[in-house]
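The chains carry the letters A, B, C and D, assigned in the order they are written, with residues numbered from 1 in each.
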Amino acid sequence: MSFVITALIMFIFWILLSGEFSFILILSGVFSSLLVSYMSHDLLIGEGNIKLGIKRTFRFIRYLPWLFWQIVMANLDLVYRTLHPKMPIHPKIIKFKNDLNTDLGMVILANSITLTPGTITIEVNENEFIVHTLSEESAQSLISGEMQARVKKIEGKYNV
Amino acid sequence: MFEIAAIVIVLGAILVLYRALKGPRVYDRALAVNIIGTKTVILLALIGFIYERPHFLDIALVYALINFIATIAFLKYMETGGLD
Amino acid sequence: MKEHIIVRVIASILIPFIQLYALYVIAHGEIGPGGGFQGGVIFSASIILYVLAFGMEEARSRISQKMSDLLSSTGALIFAIIGLLCILAGGSYLEYDQLPLGTPKLASHLGIYGIEIGIGITVAAVLITIFFEMAGRKDD
Amino acid sequence: MDIQAIITGILLALGCFFIVVSSIGIVRFPDFYSRMHPAGKSDTLGQLLVLSGLMIYEGFSLVSVKLLIIIVFIFIANPTVTHALAKAAYVSGLKPWKKEEGKND
């Protein structure tokens, strides 16, 4: 199953890259996507706890606009702090508990943290996130756990 | 329009180059080099538009890829003293 | 990097796309930038990323020493055979348009395509071998 | 002037602004960890804005699809690299800078 899905995704990717529809190139596209999915179909669709599913993909797409808005806010905040002559930054390191079940969820949360207001993920393990924050407000908003709740929603109920 | 953007990005890269030269730690240098790499990708895309040669985008994509792998390799070496 | 969850997951998502991109570069060697050598290098970069994220043993279980040795000579063999076929068809070495494949234009098209594939396989296999040998060596 | 060129210009200007600010931040901030903030964020948003400006200029074609692929790739790769750098520095024992203690770097 994962073989077929990977091959399909790869073939779509090939068409997008190539844009040529001569016989030889389409044939080599089919062959290449089969070859790639033979070599690494267990990587993209994932075994065990980095599993991508259709429902998760849709929930992830619904999460993106909120993330994008947060990124814009983050950058405006950062521009202010960078260009202010006194540089109003109060860096510190905070830790908070990791409630997520899947590796993919942790990755999404960690990269979202890195992209949003004044925070950078330093370390992720099963128990906790260690995060470097630039200001007091961003530390507070992270501890309140809104982002984690949203990512948990992407993960869904089942624990794969 | 594209020319101006390209020049501004080169100026940004020069600013970051100062950090790459000054350090003070090896991680600062790695960070600066990685950022210059990202700017190079954008610059390649812009150059492709200035000279109207869309094939430059392929090169930009490859550069983004190699830049990513190079930084990861460097970090792994710094952390474990080996690559495997 | 066993404990690097993020690098591991991102690498496993990106590697198939990198490999497909490498094959795309090899196949479009005639009409775009790139070709066999560049495609081979990108392909080996994907294997290097795999080693960095998952470790040497995992990578060895996917591509054994024997496999990469075999592939590096297969690529060179493809190159040589296409060249020799050109001689057999009455041209000089690598004179593709003498090949009996329809029109001379199509023949040279297919000939170059075959050569690019051969070069790509060899370059990828040799670079993978070099990386494995160098990364496996410990500092004395 | 058509509307496409105007939108492209605005997006390019914004993107260049974020890129320059991130460069200034990297030069100005006091320690390694705070320098990662402009690196991880402004650069990602800057490339997003510049490349989507180019996409709008191009219209819908294979070139803009390729630009989209580059955007997504950098969008995934950049935070990953930032995190890996931060982790490497943290494991090696680099202490973050605090305002009260003054400079230690």
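Just so we're on the same page, a residue touches a chain if its C-beta (ideal position, glycine included) is under 8 Å from a C-beta of that chain, and two chains touch if they have at least 3 such contacts.
Please read all numbers here as calculations on a predicted model, not as lab measurements.
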* What is the minimum number of touch steps required to go from subunit A to subunit D? -> 1
* Please compute the C-alpha centroid of subunit B, do the same for subunit C, then give the distance between them in whole Å. => 26
* With chain centres taken as the means of their Cα atoms, state the distance from subunit C to subunit D in Å. => 33
* Asked: Taking each chain's centre as the mean position of its Cα atoms, how many Å separate subunit B from subunit D?
  -> 11
* Asked: Of all the residues in subunit C, which ones touch at least 2 other chains?
  -> 6-7, 10, 13, 21
* Asked: Going by the touch rule set out above, which residues of subunit A reach two or more other chains?
  -> 17, 110-111, 121
* Structure fact -> Check: subunit D positions touching at least 2 other chains come out as 22, 24, 36, 62, 66, 69, 73, 76-77, 80, 83-84, 87
* To do: Please give all chain pairs that are in touch with each other.
  => A-C, A-D, B-C, B-D, C-D
* Using the touch definition up top, name the residues of subunit A that touch subunit D in the complex. => 16-17, 19, 71-72, 74-75, 78-79, 82-83, 87, 89-93, 110-111, 114-116, 118, 120-123, 130, 132, 134
* For the subunit C and subunit B complex, residues of the former touching the latter -> 1, 7, 18, 21, 25, 32-34, 38, 42, 45, 48-49, 51-53, 55-56, 131, 134-136, 138-139
* Residue ranges of subunit D touching subunit C (in the complex, touch as defined) -> 73, 76-77, 80, 83-84, 87
* **Footprint of subunit C on subunit B - complex, ascending** => 55, 58-59, 61-62, 65-66, 69, 72-73, 76, 79-84
* Spell out the part of subunit D that touches subunit B in their complex, as residue ranges. => 5, 8-9, 12-13, 15-16, 19-20, 22-24, 26-27, 32, 35-36, 39, 43, 46-47, 50-51, 54, 57-58, 62-63, 66-67, 69-70, 73-74, 77-78, 80-81, 84-85, 88-89, 91-92, 94, 105
